[in-house]
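You will see chain A twice below: alongside chain B first, and alongside chain C after that.
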Partner chain A sequence: MGVVTLKERFSDTTAQEVFGGILVLGIVVLLLDLLRLVATGELSPGRLGSLLWYGIVDSLYIGLAAIGLSMTYSILRFANFSHGDLVTTGAFGGWTVAYLIGGIGAADFGSRLLLDADGGARAGDLGMDILASPVAIVLGLFAAAAITILVALAIDRLVYKKLRDAGGITLLIASVGVALALRYIIAIFYTQDSRGIVASSPRVGPVNLHEATLVVSAVTLIVGVHLLLQYTKLGKSMRAMSDNKDLALVTGIPTERVIFLTWVIGSGLAGVAGYLIVLDRSQITINLGWFLLLLIFAAVILGGIGSIYGALAGSLVIGITINLSLVWIPADLNEVAAFVIMILVLIFKPDGLFGGVETA
Partner chain B sequence: MSERTIDTDRWKGDLLLLAKIVAATYVGFASLGLVTGVPINEVAGFLVTVTFFAASFALVTLALNLHWGYTGLFNIGVAGFMAIGVYTMAVLTASPDASPAGLGLPIPVGVVAGVLVAALVGAVIALPALRVRSDYFAIITLGFSEIVRLSITSGTLREIEVGDRVYGTGGGSGIGYTPVDSVIPWLFDRPGIGLLGDLLYGIGGLVGITTSIINRLLYALVIIAFVVAVYALLQRLAYSPFGRVLKAIREDEVAARSLGKNTKYAKIKVFALGCGLMGLAGILWMGSRSLVTPESFMPVVTFYIFVALIVGGSGSNTGSIVGGFVFAAFLWEGPRFLRTIARANLDTRSPPTIYDAALELAAFDVMPLVGYFIGSLDEFRWILIGVALVLLMVYRPEGLLGDRKEIAAATDLSQRQGGESDE
Partner chain C sequence: MALLEVSDLDAGYGDLQILDGVDMTVGDGEYVTIVGPNGAGKSTVMKSIFGLTTYMGGTVTFDDREISGLRPEDIIRTGIGYVPQNDNVFDSLSVKENLEMGAYILDEVPEERYDAVFERFPILEERKGQKAGTMSGGQQQMVAMARALMLEPELLMLDEPSAGLAPDLVEEMFDRIDAINDSGTAVLMVEQNAKEALRRCDRGYVLVQGRNRYEDDGSALLADEQVRQDFLGG
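What follows is the complex of A and B.
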């Protein structure tokens, strides 16, 4: 009997409103507690400010990756578990190009090609920071996008194209296979060792230049994608396809071309995200994107699958959650907080926090 | 009626098929090893390891098949439920004087409690989570398994002081306890069975197989006994009225509900049962080491099980066992065995990077590249698993034995059973 009454309560139509109310209440309580902590001096305004800033920085690269995941989710209709490894591909591909250009003469070709896999091309010796080798790092950024796009298109041609009419779960499993294969192909070349490949960031006054590069590039790209989808026919076609693929096809929308451009935009942004994460953190590992994937999913789900503005807003929530939660919980549990929020939203408000209008 | 007899006959044929596959694989690997000069003890050790992993994978795959194959619940949090089972057992059975301390209860109590806690947690997760779409459910279960793993790794739960003892999960360094495979030495300490043990050890000594391998073989047989029991249970469940409700949920939940079946209750029950079985499988598999750490429960563990299930064909219990065996023998342990053979016969020094290997290749020396690839065998195994998943999804999504999928209706309505037509 207990199960039945509980079940009825869950299927109640007001459950979502109740959840929304509890969530708002929880946020209000936490904000009040934050004010109390600041007022009593337990949390200095400076630390609060830096936590919020780190939150925004994290949300920018999560957001870049989330746009692509959200687009493929709404247009190809499956949860792409290989998206995280596209982020990894961008990081390795982009930095390889940056090393090849920036380190000429400073280290062996082989050591540079494999990103210091043998310890022969230390980031400090190569001068791998934005002031010492700006050209190499900017070219690396473009290469990260280009290489990831090529890899994603090749994968689409080899795998997903054959599964266009398959169900979401079939595609999901195939994407897990793609993720494993892609990650360990990278591992064969670059080895599984985690290593720092970017020199410590130069500073101008209080500004960390690598962080500034990340923020400027990410914001530029996000605004660019916004303009592209808002003011070209492509955006409209994507919205039409995510609403109803067959109808879009009948109306004369070239669906294969829209899918092609979806991969170009989505994987390009994912590759750039991977490149910028390494620029900011210096550490590179083959698990970079895979560990980020669930956070990206959390952002996409929070914003409502299919909406890129939702994905960006969701990224902001996730980025600030994983940083601001450090006020209350230990650092090794901050991702747990983000995942709990994701699960609660999926259960009680599966359309996302922002309504869930699919706007491509 | 005829459909049932076909199905009940079929499992005998399938069992014969399984026996043939197993026998052919063992003979193949053993002769390959012996011909290429691998010592008999290592060959026996390899076959025992394959048996152990095959039985372990088969047990988890059977549980996952109950979720996905029969009921259509896409659970990708298998690792999390196994972790709950193993950690519960570890906390209950570890010695009170160890660090972190346990309760020092007997192992059978720990095993039963581990299964029950995993089932209970499964039921609690299922209550709200089963309302959502299948791809959302997948993300929820993956998120849950990561929450479990991150929590047991966390420093907060690492040490919890109760009185003068320090309990807890031990963080990244895990919990030490008496492994469950200590049941074999324990049995051989009993008066009557001890003679059997001495006999087996004696035979092993004659052909050059160490006692530790014999112990591992006997423990693998214990897991096989569990596989047989779970197989019988699930086979019986599948043909019960409850089993038909499960298959009906997989095929069309709305239709099942409109026929008056309480599908939500059925889903919660079957999810809890499957999670309990995953806990049991975790205990028998991971619990046979004397230490449990969070690294054993990375999300990729779940995907091993998925590959095994898909290889065998979801929706068939026999297929799950075949899948577990094929995965363990060919994708999991097979590459390692090939490496053993290669190392015994070739000069396989591995250059530090693939670039060095490529340079030597340019000087027409292929061996460094071969050596590098043999050295990166673990990576190749992952690529192999990934490619196998993709190929199966593209060319044979129903798996090797996928045509065994049992349908909800008593007769297959999509095929006309011959006989007279309507006209």
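What follows is the complex of A and C.
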């Protein structure tokens, strides 16, 4: 009798539940191993703490960018592959303004305008750190948002608006084209060379001030987006439209206006993310956003695409994963860990991908 | 002059024409039902009045004003409320937020508007913080109607309000629609539950293949032998 019930029990188990079980088991094993490593002294608590902290820092800028990607998905109904290059646009645009303002007198105008593409405007000479040039760096942050918003609105007007009813696949392919065009237009001016454009971060005691600037700015913006979505009429109409676009239309919500504001918020956050990443890493390259895009997608997919809070939770998982996995695997492979998790979640909970919403 | 006057309306989706010269009127405070077989274009009439289909000819006037060709967000300002058949609530928004969206075009929603719909649907006041997507079918239908009533429309259009409701809730839903009509709001309704709808309404239209077939008082249509046999199952 016991055998029969056991068999019946397992015949009810779906493939998804089996994968889910394996996933949970895997996480438990890794957590136990982590405890063992700390207990045996192979991994110092300090090292564990800093890995977790880097995970949180990474998840903040991934999250800023993921909010925008998730918004454009849920409101415009397409996976925007040019979102990563909006991140890049923000990085170059914002830092150009920071250089123009902060480097007056320290380097010639052309070198500052092109972010040291010719080697004539060194970050150190310009004093490009948050203590030496706070005004320039803060103004650069606002400029990053503003420039990215203008670029995104122009692209919407030129490309996406004409394809509004064309379906998700058409829009997706168009966005890949936009991504490439945007990146190489940036390359024409700024060259493809990767270079350091931010001086090393000043410290106050143990606090890295550039990292702190990133954390404070990102947390403020994320809280701001949350308040906007929950408590303002605009935010509620954005949620309404992401729920049900047809009903939003018959309810009298001006849908084109909501789309406009979606671009403003989504691209503004993407631009700020790009700017803050450069502040934290010092390096700028035209591939900055494109390489980040896969992680952003992973975060958005993990959280169930289209859900902004899901995207933030997904960002946290991805950020922690790519850092904590360094305990077991070499740094070259850490992003693989993030994508393995993403793939497992896709198999375990395919809803996670285009959950409840049709088209790509 | 009737409140709503549809005359010789042609409309459809893209190249596909569904309505072929439809005529229809709804008077002030009148309760009008559209019945007919599947695919007759009943829902298309409502969508066309609300500017959601491809306009191909004819006129729609509301309150002596031509509204064909207007956008839905402008039509809603003229005083027409519309409750679509399916997916008619914002799932992830609370009940109260659904109502707030119903009054989106107002800069400030007067508290009395909420009070008025809560008085009509007391259960919604108890559940005003609940996400609409987690409610039962009957309650969602109430949220959808309440949302459309937030602007106190002169005409309320209901597409299959009894669809998907448990049988014991259908009567209750029709009673609520009676009550809305009794308070002075004109009602235009599409219903699959044709007998009950015709019993309740003032006047009815039978629509077949995108054209008017019969038009009369609800009770007269119910009594008509031909209508009974062809459209009401004997």
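Keep in mind that, in the parts below, the second predicted complex is superposed on the first by the 339 of 360 C-alpha atoms of A that agree within 3 Å, B and C clash if a C-alpha of one lies under 4 Å from a C-alpha of the other, contacts with A are read in each partner's own complex, and residues count from 1 in each chain.
In this section, a residue touches a chain if its C-beta (ideal position, glycine included) is under 8 Å from a C-beta of that chain, and two chains touch if they have at least 3 such contacts.
On a predicted model such as this, the values are computed, not experimentally measured, just so you know.
J.: On the superposed three-chain arrangement, identify whether chain B or chain C touches more chain A residues.
T.: Counting contacted residues of chain A, the larger count belongs to B.
J.: Can A:V216 be said to touch chain B (first), chain C (second), both, or neither?
T.: neither
J.: Where does A:F78 make contact in the superposed view: on chain B (first), on chain C (second), on both, or on neither?
T.: Only chain B; A:F78 stays clear of chain C.
J.: Applying the document's definition of touch, where does A:L346 land relative to chain B and chain C: first, second, both, or neither?
T.: The answer is first: A:L346 touches chain B but not chain C.
J.: Regarding the shared-chain residue A:D243, is it in contact with chain B (first), chain C (second), both, or neither?
T.: Second partner only, chain C.
J.: Examine A:V28 and indicate which partner it touches, taking first as chain B and second as chain C; both and neither are also allowed.
T.: neither
J.: Quick one: is A:V18 in contact with chain B, with chain C, with both, or with neither? Answer first, second, both or neither.
T.: Touch partners of A:V18: none, neither chain B nor chain C.
J.: If we overlay the two complexes on their shared chain A, which of chain B and chain C does A:I301 touch? Say first, second, both or neither.
T.: first
J.: Now for A:L172: first (chain B), second (chain C), both, or neither, which partner does it touch?
T.: first
J.: Applying the document's contact rule, which stretches of chain A touch chain B when the two form their complex?
T.: By the definition above, chain A touches chain B via 3-4, 6-7, 10-11, 78-79, 110-111, 113-114, 117-118, 159, 162-163, 166, 168-174, 176-185, 187-189, 191-192, 294, 297-298, 301, 329-330, 332-333, 335-336, 339-340, 342-343, 346-348, 350.
J.: Note which residues of chain A are touching chain C in the complex, please.
T.: Residues of chain A touching chain C: 233, 236-237, 239-240, 242-244, 246-254.
J.: Could you pull out which chain C residues touch chain A in their complex?
T.: 50, 52, 72-73, 76-77, 82, 84, 87-93, 97, 100-102, 104-105, 147, 151
J.: Contact residues on chain B for chain A in the complex?
T.: Residues 74, 127-129, 131-136, 138-140, 142-144, 146-147, 150-151, 153-156, 264-265, 268, 300, 303, 306, 310, 352-356, 359, 373, 376, 379-380, 382-383, 385-390, 393-394, 397.
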